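Shared between the two complexes below is chain A, which has chain B as its partner in the first and chain C in the second.
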Partner chain A sequence: MSALGDIGHLLLTANLWQATLAAAVLFLLPALGGVTSERSGVVNIAMEGMMLTGAFFAVVADLKLHNPWLATLVAMVAGGLMALIHAVVSIRFRADQIVSGIAINIFAAGLTVFLVNRIYGVQDVGHVVNSELLPNINIPVLDQIPFLGQVLFQQNVIVYVALVLLVLTHVVLFRTRLGLRIRAVGEHPQAADTAGINVFRLRYGSVLVSGVLSGLAGAYLAIGIANTFVPNMTDGRGYIALAAMIFGKWTPFGAFIACLIFGLGEAIYANNSFIHISAYLLSMLPYIITLVVLAGVVGRSTPPAADGLPYIPGSE
Partner chain B sequence: MNDTSTFAVDMRGITKQFPGVLANNHVDFSVRQGEIHALVGENGAGKSTLMNELYGLVHPDSGEIFVNGKQVQITGPRDAIALGIGMVHQHFMLIPVFSVGENIMLGREPVTGPDFFDRTRARTEIAALTKRYGLALDADARMGDLPVGLQQRAEIVKVLYRGASILILDEPTGVLTPQESHELFGVLRDLVKAGKTIIFISHKLKEVLDISDRITVMRRGKVVGHLITKDTNEEEIATLMVGREVLLRVDKAPAKPGGVALKVDGLTANSDQGVPALKGVTFELRYGEILGIAGVEGNGQSELMEVLAGIRRATGGHVALGGRDITTMDANSERDAGVAFIPEDRRGTGLVLSFSIAENSILGRERASIFSWRHLVLRLVAIRDWARRLVKDFDIRTPSIDVAARNLSGGNQQKVIVAREMGGGPKVLLAAQPTRGVDIGAIEFIHRQIVKERDEGAAVLLVSAELDEVRSLSDRIAVMYEGRIVTIVSPETPEERLGLLMTGGGTKQGAA
Partner chain C sequence: MLPRFSGLAVPLGSVLFAFVAGGLIVLISGANPIDAYQGLLCGVGLLCAGGENPALELSTTIVFLTPLITAGVAVAIPFRAGLFNIGAEGQLLVGTVACLVVGITLSSLPGIVLVPLELLAGMAAGAAWAGIAGVLKATVGAHEVVTTIMLNYVAQWLVRYLIIGGPLQAPGAFSASSPISVNGRLPTFFPASNSLIVFGLPSSVYRVHTGLIIALVAAAVFAFLLWRTSLGYEIRAVGQSQKAARYAGVSVPRTIIVTMLIAGAFAGLAGAIQIAGVDKQLTDKYFNDTTGFDAIAVALLGLGSAVGIVLAALLFGALHAGGAVMQSDAGLSSNLVLVLQALILFSIAGNFVGQISRLIPGLRPPPTLPSELPPAAPLMTEAAAPPPETA
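Right, the complex of A and B next:
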């Protein structure tokens, strides 16, 4: 049996596509956050760290409160607080946004390992989750549709939430006054300011949204999928979300398509027992796709004009 | 002064201190309702600061502001907009990727439902406004696709949409072609007829005299003159602006042309967009003369200069320098052959803004043996000596040669380029827009240097959007239209006739 034949066979199973969507949402949430933040003009590569922080605090809160919904809320707040650091550093203090983002990612990795040790006295929280989890929900009737029912309507609750957020982000950014202003601030903050728009408020808000969404993704990962916290468990997914955002040309639906491609890579890897290819090779798949995508296969992708540039009032 | 109620704007005793600069020093500035008031002065005189204070972008340290007779506190653009003050900035406050409608509405968007941007209402409101003031605009066009003149029109409509009755225009003609400027003046006159008051910031004296009713002149943060336009002239304003008498006419002896320096024959080249920009340019440039190229911007002048300087590839034709074919030479070899180039985009092409004056002063010449040892190691002492000499000879106003080019004023940045290009004693000098955005004082200086270069035997090719500059500097004028030199005329040719030639008319008649 050839490896290609194996993959071809796998592509016809509903299981694979169900897993693809489930994995894609893990990228989609931080990618939507990234789109919002960068559309307002603040480069955000810290989704990885904000997601990891969210995952950790979701586990901690869930163990304490035995309530996955409250735990998810805690994770979103934790992600938001990390984003607040990034916002203050890059908006208020006009620091280099890449450096700030890297610092937050490293900080989050260190902080979570440290706190795991402090709180549970172990290296690994692998055994500690024995609590209420974010449920899978089957939508009645719809989940009985052959093939599609399993793919679309037998998913974790967060998957449905993420799809709603996808549409919401798109509508807000491109159809509302708020979105017009966010994009104006990301393209030309001086123009927005002279039109009487509060540049700083919109940028803070947009960066906070990226943290909250990344925190939500962290909760989904920790108490929806993995049911545990392991140091560095986000494993680069925040960066892949970043690639998805660029691949998607800073649009929610573009990013979603990219997330589906990356999700497919993860799903194939997860179902590798069918395939006679080294699991290590397969595990590289999402990253190889990322590189190919970033090398410009999708064509030129232009970021918002003022992305990454701090705004200094009165400057030109 | 009169009763304040007749003033649209009355600013009294305005003082603003910036670190190291007293930008406004007890400035009194008043504008009558329904007039066009020109605010003139050199770069750094404090005009823009004063207007930014009126628009709420900068807050004065002391002083009072009255708008339509009432004392006001303006803490930000929102306050200014509410008082009916609108500003068209020198660098447009437009978002190229947004539509014209979105740009105009931004900050005061029509909304439907929870928070949806109402495109239909945006379109009808813009249609109503543009109709009322006779300013045609397509609300759905992408802003970045519009020519500069229309972008500026969108800026004006944006200000009118916010209900402005007092319009501040900061250097509005700096980016416009003469035709576009002419149209703008028509628009401004119509606006005044419709009851608007206009403050017009400029340092172009001709247009100030043309458009304004009254003039306020500033120098170094102070008001140095209140003038009534019909009772003054260019010389008086220039003297007030600069603080000494300025020679507005270029003083030069008749040219003594020598042999042919540059022979351009059937030259063709494409623009950045890949369409033909030069369609067979033919002319000869002699040593010891200044050949000016007159033309409406965008008729191939920029591309011609770039091909000659070796930074754009010719698609056909020949360029010879003293009999040697240099058509395909790159910029390096051209420099070595004695061609110097003052590019039109000084911040983008002419300078590395983050480099010091010393470093900028040898750009393109860093491999010369006096500046580097075997092209590898810079001779810093020699470079610094050279830079110091240029600063002195070319009157570059700077605290030291280690200051980054970014921190110089536009005029001094331009002097750095002029100094670098002329300092090497070029055989051929290509000068593209050599005085764009430069103060009167510096313009006078740069003009004298160009004439001096000619008198020392260099061949000078001059491109300028300022017809006055071309006419006063050139020994011969080549008129360029749609990628060709249509005719070569004497600098005494009347302006109207040149204007006709530049727009493609009049050649037949001229030959007859």
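Right, the complex of A and C next:
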């Protein structure tokens, strides 16, 4: 059979789309965080590091507390703390947000391995037993729907959470007063300040959201998909989330579509034995697609106007 | 305080801050910071407690610092033009690939021809890789930070592909290429002899190689280019104000592209030097290579000047060499070096030194950021057409 025919056949299987959604959510959570942070005017390339931190602390906490829910909470707090550093350095100290973001990523990569060594010795971290992982949940009745039931309603608990957060992020950003304020602060902080909006508070909050969501994604990766922590286990996924955010033109649903495309690529590769392209070549695709998008081939992708600019009260 | 030295307050203070904060992290984790830092100091041949040979440690430090100088220049040049090259890592990686391909395919050539060809190939590949980001920036305004990040990952996966199942995989090896031939290698300072004893060890253990000279020349070329040529003037003009540069007759898009090409060439040179000077082949070691990211810290800590870059590269080279000593002597992960590096970046970016000195009465705060560096880059704004419509 031809490879194209095989792919065509594969595209009709529910397994593939189930795996696509499961993979997409891993990118979606940090991408939603990135959208929120950058909409408020704080450039965030630190999702990778915040996610890695979340993954590490999720495993540490789960091995200690034997409770995946508490472990997930710990991961979200850990991601949030990393975001807090980024927020303080870039909002309070008006640092270059790119440098701060790079520093967060380096910090996370270094600190997690340093702590693995301190806590567990040189050996690896160990494995979380199946009963203490974030569970897959089948939604009763709905999961019996042909095709769609398997794709949408037989997923890890975090997938459902992420889909709710997707809608929530969209509604908050574009349908509420809070969202209007966040966007105002990201487009024109001076005007927002004049209108009595607390620029700093909104930016702090938005950056923290990005850390909490990235930490959640880290927990999903480490104790939902995998069952352990290995150094640098995020392996660029936080940057794929960044790519999805840009691809999606800084909107939640746009980012989601990009995440689905990137997730589909992963799922096709994981679900086949007939594509003889190296996994490593396929892994380049999200980045190449993003470059093509940035090249303007598929329309312009424009960030919020004040993205990356520290706000100095009283400045022009 | 002498005004001449006040410029050093930010880098020195940032290093001090990193060591204090890093020491606290070590302390909280239940280890002794003094043990940790003693191990790190051994990187420059001082206080080696575990029986390490100081001369060998110094040699290792120099091996580490050599690519950091050229990669640091690759970050520093775009800084002067107001561009942020996060892509030195990707440019370095394609440089290693190009050097390797030339070294293997033309292995019959004599070294005097082959080595320069390898280095030139590395520079050309790096330049082309960075050039993509330059062209995208100059033509459609795609932000170079984002494009270079994407290009980094493309390069990383490319290297993995090439040596795992790809065309560069050596027969019988899992994740390594074949080595380049002996005539394609940069000469080492000490002969590869087991009978000649230097500083108590056979001379073959010292890997320090002539790439150091190339790197130092590259730093000098950088300084000359920037301050003594019209291109350097144009680069600095664009970095100061694109508008003013345009009025002065400088083609901003052209300068952006040329700047990125030159930067990529320096980063590619770093990769080629690594292959021709130390590693001889591509291995899975390069999957976790961080030289191009260390280079960002090198360029920032070196305040974008040639001398500063060399000194900062020395610091990070010593930290990397010392990190291995610390790991074996004190049992602490050498990844502490990354933590220190991140803390240095936080401090420089957030101007912690200026903030802290403001709290001390009677002390004049140092200048905020080194004046040569562009102010917190006006990110993504020049590309911004109308703001995105709300959904």
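Here is the rule we go by: the second predicted complex is superposed on the first by the 284 of 316 C-alpha atoms of A that agree within 3 Å, B and C clash if a C-alpha of one lies under 4 Å from a C-alpha of the other, contacts with A are read in each partner's own complex, and residues count from 1 in each chain.
The criterion applied here is as follows: a contact is a pair of C-beta atoms (placed from the backbone, for glycine too) under 8 Å apart; a residue touches a chain by one contact, two chains touch by 3 or more.
On a predicted model such as this, the values are computed, not experimentally measured, just so you know.
Novice: Taking the superposition on A as described, I'd like to know which of chain B and chain C A:187 touches: first, second, both or neither.
Specialist: In the superposition, A:187 touches chain B and chain C alike.
Novice: Which chain makes contact with more of the residues of chain A, chain B or else chain C?
Specialist: C
Novice: Which partner does A:287 reach: the first (chain B), the second (chain C), both, or neither?
Specialist: Second partner only, chain C.
Novice: Let me test your reading of the model: by the given contact rule, A:197 touches which partner, first (chain B), second (chain C), both or neither?
Specialist: First partner only.
Novice: After superposition on the shared chain, which partner residues are touched by A:103: those of chain B (first), chain C (second), both, or neither?
Specialist: second
Novice: Would you sort A:117 into first (chain B), second (chain C), both or neither based on which partner it touches?
Specialist: In the superposition, A:117 contacts chain C only.
Novice: Between chain B and chain C, whom does A:176 touch in the aligned arrangement: first, second, both, or neither?
Specialist: In the superposition, A:176 contacts chain B only.
Novice: After lining up the shared chain so the two structures overlap, which partner does A:263 touch, if you call chain B first and chain C second: first, second, both or neither?
Specialist: A:263 sits against neither chain B nor chain C.
Novice: So, A:30: does it touch chain B (first), chain C (second), both, or neither?
Specialist: neither
Novice: Shared contact residues on chain A, chain B side and chain C side combined as an intersection?
Specialist: 183, 187, 305.
Novice: Hey, which residues of chain A end up touching chain C in the complex?
Specialist: So the residues of chain A touching chain C come out as 43, 45, 85, 89-90, 92-100, 102-104, 106-107, 109-111, 113-118, 170, 174, 183, 187, 232, 236, 239, 242-243, 246, 249-251, 253, 278, 280-281, 283-284, 287-288, 290-291, 294-296, 300, 302-305, 307-310.
Novice: Chain A touches which residues of chain B in the complex?
Specialist: 52, 55, 57-58, 76-78, 81, 87, 89, 91, 93-98, 102-103, 106-109, 111, 114-117, 158
Novice: Mind listing the chain C positions that touch chain A in their complex?
Specialist: 25, 29-31, 84, 86, 132, 136, 140, 142-143, 145-147, 149-151, 153-154, 156-158, 160-161, 164-166, 288, 290, 293, 296, 300, 331-333, 335-343, 345-346, 348-352, 355, 376-381, 383-388, 390-391
Novice: For a test of understanding, state which residues of chain A touch chain B in their complex under the given definition.
Specialist: Against chain B, the touching part of chain A is residues 175-181, 183-184, 187-188, 190-197, 305, 313-314, 316.
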